[in-house]
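Next come two complexes built around subunit A: one with subunit B, the other with subunit C.
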Partner chain A sequence: MDLFLQALINGVILGGFYAVMMLGFSVIWGVMGVINLAHGEMIMLGAYFAWFLNSNYGVDPFVSVLIVMPVMFLLGYVLQLVLINRVVDRPILASLLVTFGLSIAIANLAKLVFTADLRISDTTLSGAWAFGGVTFPVTKTAIMGVALVIMSSLHLFLQRTRTGKSIRAAAQNKQAARIVGIDINRIYALTFGICIAITGVAGAVISPVQAVFPFMGTPLTLRAFTITALAGLGSIPGALMGGVVLGIVESMIGIYVSGIGTNLAIVASFVLLVVILVTRPQGLFGGLRPHEEPAQI
Partner chain B sequence: MKRLTTALAMSLALLLMLTACGGDDTTTTSTAAATPTTAASATPTTAGSSDTTMADVPEFAGTIKIGAAVSDTGTYAREGQDTRHGYDTWLDWVNNEYGGIKVGNDRYNVEIIYYDDEGDSDTAATLVEKLITEDEVDFLLGPYSSGLTMSTSAIAEKYNVIMVEGNGSSETIFERGFKNIFAVLTPAGNYTQSALKALADLGAKSVVIAYEDAAFPTSVAVGAEKWAKEYGMDVLAVETYPVDVSDVSAIITNFKALDPDVFVGGGHYKDALLFVRAAKEQGWAPGGMVITVGPSNPEFVTEVGADAEYIIGPTQWERTMSWSDEWFGTPEEYAVRYEALWSEPPSYQAAESTATALALQLAIEAAGTIDTDSVRQALYDLDVTTFYGPINFDETGKNVAKPMGSIQIQDGVINVVAPAEAAVAEVRYPMPPWSDR
Partner chain C sequence: MSRLPRTPRLTLLGLLLLGLAVMPLVPDWFPDQSWVTNSRLFSFTQMFMLITLASNWNLTGGFAGYVDFGHTVFFGIGAYGTGILMGQGWSFWPALAAGAVFAMIFALMIGYPTLRLKGPYFAIAMLGTFVAMREIVRVWKGLTGGGVGLTLPPYLNRPLFYWVTLILSVIVVTLMWSIRRSEFGASLIAIREDEVGAEMRGINTTVNKITAFAIAAFSTGIVGGLWAYQNTFIDPDIVFLQSRTVELVMMSMLGGLGTVAGPVIGAATIYWMRDVVWANFADYHLLVEGFLLILIVLYTPEGIMGKLGSKNAISLQKLWTRKSPVEEESTETQPEEVS
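Entry: the complex of A and B
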């Protein structure tokens, strides 16, 4: 029983970890129709940023979030204005190419700047809390906390504020949004900025539990794909649920299948992806973008 | 305004592209358009010594071309860098200080052509084929990791080009009856032997093993299981995990429930970080943790700090070992030379790469020609002791002469703790809880 509870806790916490990592990817896709293949690299940049502040100035990664967030926002905002905006309305292939190029460029740039050495940052929020027979990993529970805070604030922002409503309007119908006077370019830049900020924060908070290195991004982008498909584009509750579903599946298989469990969990996540794509292409929870026109290629 | 942003975007894109393609002079990111860069021209000069020795260097009779596909990007970027630095340390020494390889009465300059294999075995195989057919190299040096050595050595065998390597230790590499592969390092199956023996002597009774699903870690795990049983310990569980793993908490949760005395982790550098952090966050401190690749690298202590304490790691080589040779001197002298070139202490991956190139050089000199068959015979006949340890190849190409050591991180220092004849400190066992360090 303890083992089952532990597997469940591990899974839920892993889910929070996944959800915060992929939220930005999902919202950008949902709002702009841009698949950001450089998403993993944005996580990597956030992680390096936090590591840098941690190893040079002793800033805890959970505190450095306050610095990482605005800087990454700015990066996202500028990136959107000068680069991504040019491919938003183009066939999907154009945005794939641009973001793929971006991911290669950023990964190699990071290698020049930070070298290929693997890094990991230190946090005071470490160790384990034991309750009865189960253990809560402190760092990952804190990550889950950050994930929940970010998701609820983003949810409130999108639902309640004027800017948030504009973003949703732009996602649902760009033409109509333009007609009512929404500055689409500004909204897109804002969305991209916010998403990259969140992604950077995700990178910062995972830097104490993940090895940080220039090429860590690609597997993370793949994972973001899986969860986005599970969750539905841009849906915030969906992101959390999708992450948690995947987390629990992986954790249960990892614990109950002996020998090859962790290997099999990866297989399971992609099998799940295929099943969802076939049966519910809009994702488990729908999303920001109505399921509409097929992609023009 | 519009024009300005366009120009800005274009230049930014161009800049990004330039850094991606040309930023690193030994990197080629695309397999199809790969252009070689030779390390000979880019070799850093040894401070002070080069000017005086240059005058004594005789005219070179020619150039021996050596090729190597080594990771510069991808999963093995860190270990690949150590491998290159190890090769380049030898290259710098042989060209600038030793005066080139002696072939008969002539001296030959050496050039190493590198490609970036991106940590992918298909890419590595393609690049080695390119090295042989287009760049027409005379010899090959190995890539980093057993998986890549498996695929590239098959190409070397196909074209009958000798590959000497020092970073692929999986036994499976040598079980294929190839006659062109030689490895200076101790095979993976023996990695954990001295550590497990020391722990068994201290009273450890049970072992759990987790390993990455790749050639080298599999050999380590198979070996660990064998040695654990040999020394009378129970193997309670064996788990595998994928190469790109980002979470090992399920494995650690399982192991914690089994409450074993010793944890053996077979993987690469990244996994060592993951295991240490995962064990800590699950509050699990077994009596001993033996983890491959990570702990013996000086960077490991710097990165994880106090959490690295008590971790045991197999090591091919340490600077405190007592070998010595007439070329690089003692391990300590080698380490000083390496630090002068690369401003960081050498990992064992770097040392074995230097030893790899040195073994090839000694065989060429013994053969007195660069003819493949003669050099191969010279490699079989080679029986020397180097700064890296004894080198003597058996008929499969494995180095059977060198024992494997074990280190433990004690008060931030990497100390050799086993085997007894090479140890500079006692094994600290059992490991205290994470909160007590």
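Entry: the complex of A and C
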């Protein structure tokens, strides 16, 4: 029973971890209709940035968030204006291929710059809290805390502020949003910037617990896709729930299926993806795009 | 190219093929020459393989519009099928055939659920299949050797591989040419243009999609097996190479999606371009390829065949067209106004 409880706790913590990594992917898709296949590479860039600050200047990854966030925002803003903006109105295949090309290029650039060695950051938040028979790893719980803070502030931003409302309006009906005077290009660049900033922060805070290497991106992008399909495009509570479901599935497999460990977790998330897409194409929680049917079968 | 009448075009093509077919014999005829070396034959062999792979990719991606980001999974199954069976003492040809059959069976199994998905969902589900399969191969150490890999019996005969891959690519391209002109090909294109409409006109879309997928998987599996035997060593990272999928997409797109000649032209162009980049800056070639893909999408979405004015070439604009809710409503109401 303790084992089950521990697996459940690990799964929930892992889920929070996934939710914050995938949030940006889900919102970009929900608002702009762009599937960013370079998403995992954005996580990687954030993680490398934090590792670089950590190993050269001794900055704790949880502190380096303050530097990573604005830099990644700028990167996202510029990427949107220079590249994504040119494919945002073209068929989805065009943006898919452009971001696919971007992901290959970034991963290989990272390999040239940082080499293929595995890196990991040091943090002062280490050890574990034990309650009864179960333990809470401190670093991962802190990541869960960061995830909750980011998600609730993004939720408040989208619901309460004027810019947030413009973003939601652009997601629901681009033409109508333009008619009432919303500058769509600026809103898109802002959305992309914010989402990449969040993604970079996620990368930075996971750098103490997950090995950082140039090709870590693709499996993460696939998980982002799974969670988004599970949750519905751009739904923030959905991202959290989707992340937790995937996290629990993966940690249960790790504990109960012997001899496999966590290597096959990606297989589990893929099977989950296909099952969800075939059985419930609209996702579990709705999302930002009420008009669009995500997958037609 | 399209301006030349049919007969001179076929003659030119025949001469080109004849020249390619006798090329490995040149060293025997002229012992002094230094151009036709084993490494040159190896380069051409790789190019024929890529032509075959790109044509296969184009069957589902270009004809049927089911763009697949994990096609390399069939290459990997062919390679591992051949490698594992040869490790059991099979000889090469039966092992190769069995590997290709495995790839086809896998395509039938995975195609049944995934081909029901549309557009990006299918593309990503196949990317997922690919990554999942790579992990399975890595974990299943008893069968595949895990990360250590498998070594096949070494067999160095460059001219043989050259001829086999040349013949294979000619067969596959001819097959694509005849499919393009058959009812089956017309059904695939109907699926790409309007799947629901095709279904309503009595085309069994499921059977057509799965057949195309299985054909592509079978000959991709053959290429995988040949590649494994030629390179004599396989491991998950070199067989399940993600950039191979990117290259297939790029080659078909650069040449012209949905045309027969497109993938051939695209594969030849990108192969020699990569050869030059690789020879000069080995570390940068994937970086260059990533940016190349972006440039192709931005500036040549209809490919070389499209630029030449081939009416079969389709632009990216036709695949997965994005409609805003407002436009959707207006297209829905139009037929009613007419009637």
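What we mean here is this: the second predicted complex is superposed on the first by the 282 of 297 C-alpha atoms of A that agree within 3 Å, B and C clash if a C-alpha of one lies under 4 Å from a C-alpha of the other, contacts with A are read in each partner's own complex, and residues count from 1 in each chain.
Throughout what follows, a contact is a pair of C-beta atoms (placed from the backbone, for glycine too) under 8 Å apart; a residue touches a chain by one contact, two chains touch by 3 or more.
It should be emphasised that the depicted structure is a prediction, and the values quoted were computed from it without experimental measurement.
S.K.: Report clash or fit for the pair subunit B and subunit C bound to subunit A in the combined superposed model.
M.R.: On the superposed model, which is not a single observed complex, subunit B and subunit C clash.
S.K.: Thinking of the overlay built on chain A, is A:L97 touched by subunit B (first), by subunit C (second), by both, or by neither?
M.R.: second
S.K.: Does the superposition put A:P219 against subunit B (first), subunit C (second), both, or neither?
M.R.: both
S.K.: For A:F270, select first, second, both or neither according to whether it touches subunit B, subunit C, the two together, or no partner.
M.R.: second
S.K.: Should A:Q210 be classified as contacting the first partner (subunit B), the second (subunit C), both, or neither?
M.R.: first
S.K.: Look at A:D117 in the shared chain and tell me whether it touches subunit B only, subunit C only, both, or neither; answer first, second, both or neither.
M.R.: After superposition on chain A, A:D117 lies in contact with subunit B alone.
S.K.: Report for A:V71: first if it touches subunit B alone, second if subunit C alone, otherwise both or neither.
M.R.: In the superposed model, A:V71 contacts neither subunit B nor subunit C.
S.K.: Examine A:K174 and indicate which partner it touches, taking first as subunit B and second as subunit C; both and neither are also allowed.
M.R.: second
S.K.: Going by the contact rule set out at the top, does A:V87 touch subunit B (first), subunit C (second), both, or neither?
M.R.: second
S.K.: One more residue to check, A:V63. First (subunit B), second (subunit C), both or neither?
M.R.: neither
S.K.: After superposition on chain A, which segment of subunit B among 129-137, 273-281 or 327-335 overlaps with subunit C?
M.R.: Clashing stretch: 129-137.
S.K.: Do subunit B and subunit C land on any of the same subunit A residues, and which?
M.R.: 83, 86, 101-102, 104-109, 112, 219, 260, 263, 266
S.K.: With touch defined as at the start, can you tell me which subunit A residues reach subunit B in the complex?
M.R.: 2-3, 6-7, 10, 14, 17, 81-83, 86, 101-102, 104-109, 111-112, 115-120, 122, 126-128, 130, 135, 137-140, 208-211, 213-215, 219-220, 223, 250-251, 253-255, 258-263, 265-266
S.K.: Flag every residue of subunit A that touches subunit C in the complex, lowest number first.
M.R.: 33, 35, 83, 86-87, 89-94, 96-98, 100-109, 112, 172-176, 218-219, 222, 225-226, 229, 260, 263-264, 266-267, 269-271, 273-274, 277-278, 281, 291-292, 294-297
S.K.: Mind pulling up the subunit B residues that touch subunit A in the complex?
M.R.: So the residues of subunit B in touch with subunit A come to 5, 8-9, 12-13, 16-17, 19-20, 23-24, 27, 29, 72-75, 77-78, 80-81, 119, 213, 237-242, 244-251, 253-254, 256-257, 269-270, 273-274, 277-278, 280-283, 299, 303-305, 434-435.
S.K.: What residues of subunit C sit close enough to touch subunit A in their complex?
M.R.: Subunit C reaches subunit A through residues 67, 69, 113-114, 116-121, 123-125, 127-129, 131-132, 135-136, 138-139, 242-243, 246, 249, 253, 283-284, 286-287, 289-294, 297-298, 301, 316-322, 324-326, 328.
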